[in-house]
Amino acid sequence: MSTVPLLSDEDLSPAARAVFDDIRKTRNTDFVNNFWRALANDPVLLKRTWDSVKEVMAPGALDPLVKELIYVAVSATNNCEYCIRSHTASARAKGMTDAMLMELLAVVGMANETNRLANGLQVPVDEAFR
Amino acid sequence: MSTVPLLSDEDLSPAARAVFDDIRKTRNTDFVNNFWRALANDPVLLKRTWDSVKEVMAPGALDPLVKELIYVAVSATNNCEYCIRSHTASARAKGMTDAMLMELLAVVGMANETNRLANGLQVPVDEAFR
Amino acid sequence: MSTVPLLSDEDLSPAARAVFDDIRKTRNTDFVNNFWRALANDPVLLKRTWDSVKEVMAPGALDPLVKELIYVAVSATNNCEYCIRSHTASARAKGMTDAMLMELLAVVGMANETNRLANGLQVPVDEAFR
Amino acid sequence: MSTVPLLSDEDLSPAARAVFDDIRKTRNTDFVNNFWRALANDPVLLKRTWDSVKEVMAPGALDPLVKELIYVAVSATNNCEYCIRSHTASARAKGMTDAMLMELLAVVGMANETNRLANGLQVPVDEAFR
Amino acid sequence: MSTVPLLSDEDLSPAARAVFDDIRKTRNTDFVNNFWRALANDPVLLKRTWDSVKEVMAPGALDPLVKELIYVAVSATNNCEYCIRSHTASARAKGMTDAMLMELLAVVGMANETNRLANGLQVPVDEAFR
Amino acid sequence: MSTVPLLSDEDLSPAARAVFDDIRKTRNTDFVNNFWRALANDPVLLKRTWDSVKEVMAPGALDPLVKELIYVAVSATNNCEYCIRSHTASARAKGMTDAMLMELLAVVGMANETNRLANGLQVPVDEAFR
């Protein structure tokens, strides 16, 4: 159980309903996942978060699959189970293979390792990198 | 100052020197950055880390630029200044533009935000994502 | 299952029992939650932690509800399920509404996002803030 | 130096300039701090972040000072120097005293400690908290 | 369920099988835990990780039990349930008592607390420590 | 500059002075480092933190050098520069060699890496570890 109710469609305020309508239309599916049902308790937060995610994850200088890989990388680093599972699913839907996932996590693991070696030894930044 | 000496070329053990030779040959430059000069105090750690980084960051199911973007994403999440600066430089050398960097960090920021919304509200994972 | 036994009242050392007595008296309830039953394996750690929590969470320059909100904010950032759930419950007992919880997490999410934008771009601190 | 240029007023695109105008008007000061000058490299990110911060930090179910305290709590937990310094300054401007800051950090420290005790011992969540 | 299949012995590639053989021989048991069964989807990652763990955790300047304690300390700080449980078990197998585990976590908790006090107050490093 | 004044001996309240006297006597040196001078702004926090550190870091089931190694491991994982530098210095004063420091950080790096592999792949905990 979440710490606030997960709102079903009947419980939505008109403002939250409008966001759900846009989620459904944008994703072309009737399914709305629990994350949005929790945020629906605060329609302002719901709308801002949805609008932001839609804008941030759209194609741009980076393609949507690369963006999903980055989302998984951050979520694995922070250990957010919900986000790891939902964005691993999204990345797969956009073409991520098992081989890509394993390589992604190999990079995530390596970066987490060398981050601590550099910090733990307090290595000064080279002039060449400034 | 780092918490161990940054070894100059003259201070290297033969085992560390062999790794530095490979770094120089692989990167086709005489420059060896401080991270490796700190690790050189432990030639076994130096060799393992260099061999692993070389293997992990090589082209594979993901291309090297995407891997650098992921490295920056993790390092920004963990706040490792050394790694942010060195891998931002590496990513630029592999073709990352300012526009790509800004989009990358927009995704990193958004993922860090939604990670805490999902965790803070203890949203249960949908069956569809399992 | 925790990685040490959760001690029932019969298993307590006299030193641990004295702390449990104080917990019950201070909170005016017979219920002692699992966190303290795990710590009871080390009565010195149990006593120091309880005494510290009691002192830190007491009314002072900040009121107890604000302190609970801060506890939830930190626990959501670190993703400690136990702490998120127990301190969300404590905050509700002290008057936190759903609207307050949603706003709290909106701030937590935003702070986690901008922390990574500032770190990822290595923005230098303005003189005005020093 | 940040990893992207800090834009001066003359370097702003019209879209970024419009955001800076709103920052100046909202805050009633000509000063625009470095964070926004770094984000100005991506006017879409700049606008979304500013609009979000303005909305999230406005008075609501929680008052603005409490929101600033929460911002500092998260930033201290994540160790974002820029955010610690800028939001400590903002909190002081809204009335935070030294005594309040010390109590705030006492709670932040305690929460970070007990988060690790609960996680490290894998304490199961009591039914009473679900 | 993990986000990749946990490979049973029959599903292993020859390269993965060779690593499993070494795990079994080194540990003198037929049991191979889930972590390696997940990594087995990428035999290169599996081999590198196993070889690295074997090298890092071997007796050296620090004894193996101390290394396991450090592993638990990091895993508790990051909240990795899998790692907390598997390395707590390993540490117990190497002689860790309940009293040692409780003291270990007391240090971990205290370090996590004072890390935030030092960062939150932006305490400058004394010359004596540089 | 820290975000609160670093108090000199003349600025101390009687309660803070008593703690400083104990720090000097316990450590057998006149030197009091900046961390305590920042905490001295809140004598209650100062006293509780000093008493706790003294108790936690004392010889017990774990020896004081091992406790310092754990402190460095946590501080490197969290990237607290102040704590990395002060506890690396303390560990050296208690006998930590360069070889021990390098091995310590090798374990810290490896644990941070495998934490993310286990979390990123959502590996289920084996029954044997529960």
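The chains carry the letters A, B, C, D, E and F, assigned in the order they are written, with residues numbered from 1 in each.
We adopt the following convention: a residue touches a chain if its C-beta (ideal position, glycine included) is under 8 Å from a C-beta of that chain, and two chains touch if they have at least 3 such contacts.
Going by UniProt, the chains are A, B, C, D, E, F = AhpD family alkylhydroperoxidase.
Here the structure is a predicted model, which is why all the values come from computation and not from measurement.
Chemist: Quickly list, by label, the chains bordering both chain A and chain F.
Modeler: B, C, D, E
Chemist: Can you name the chains that touch chain D as well as chain E?
Modeler: Touches both chain D and chain E: A, B, C, F.
Chemist: When A-D is set beside D-F, which has more C-beta pairs in contact?
Modeler: Of the two interfaces, A-D and D-F, more C-beta pairs touch across D-F.
Chemist: Farthest chain from chain D, going by the mean of C-alpha atoms per chain?
Modeler: Of all chains, E has its centre farthest from that of chain D.
Chemist: Compared with chain C, which chain's mean CA position is the farthest off?
Modeler: Checked the centroid distances; the maximum from chain C is B.
Chemist: Please compute the C-alpha centroid of chain A, do the same for chain C, then give the distance between them in whole Å.
Modeler: Centres of chain A and chain C (C-alpha means) sit 27 Å apart.
Chemist: So the centre of each chain is just the mean of its C-alpha atoms; given that, what is the distance between chain B and chain E in Å?
Modeler: Distance between chain centres, rounded to whole Å: 21 Å.
Chemist: Give the residues of chain A that touch two or more other chains, as numbers and ranges in rising order.
Modeler: Within chain A, residues 1, 3-4, 39, 49, 52, 77-81, 84-85, 88, 99, 102-106, 108-110, 112-117, 119-122, 130 contact more than one other chain.
Chemist: Once you draw an edge for every pair of touching chains, what topology comes out, line, ring, star, complete or other?
Modeler: complete
Chemist: Please output the residues of chain B touching chain C within their complex, sorted ascending.
Modeler: 72, 76-77, 79, 81, 84-85, 104-105, 108-110, 112-117, 119-122
Chemist: So in the complex, the part of chain E that touches chain B is made up of which residues?
Modeler: Of all residues in chain E, those touching chain B are 1, 44, 48, 52, 55, 130.
Chemist: Under the definition above, what is the set of chain F residues touching chain B in their complex?
Modeler: Contacts found on chain F: 79, 84-85, 88, 98-99, 101-103, 105-106, 109.
Chemist: Which of the residues in chain E come into contact with chain A in the complex?
Modeler: Going by the criterion above, the answer is residues 3-4, 39, 41-42, 45, 49, 78-80.
Chemist: List the residues on chain A that touch chain B in their complex, please.
Modeler: So the residues of chain A in touch with chain B come to 1-4, 6, 31, 33-35, 38-39, 49, 52-53, 56-57, 60-62, 66-67, 69-71, 73-75, 77-78, 80-83, 85-89, 97, 99-100, 102-104, 106-108, 110-126, 128-130.
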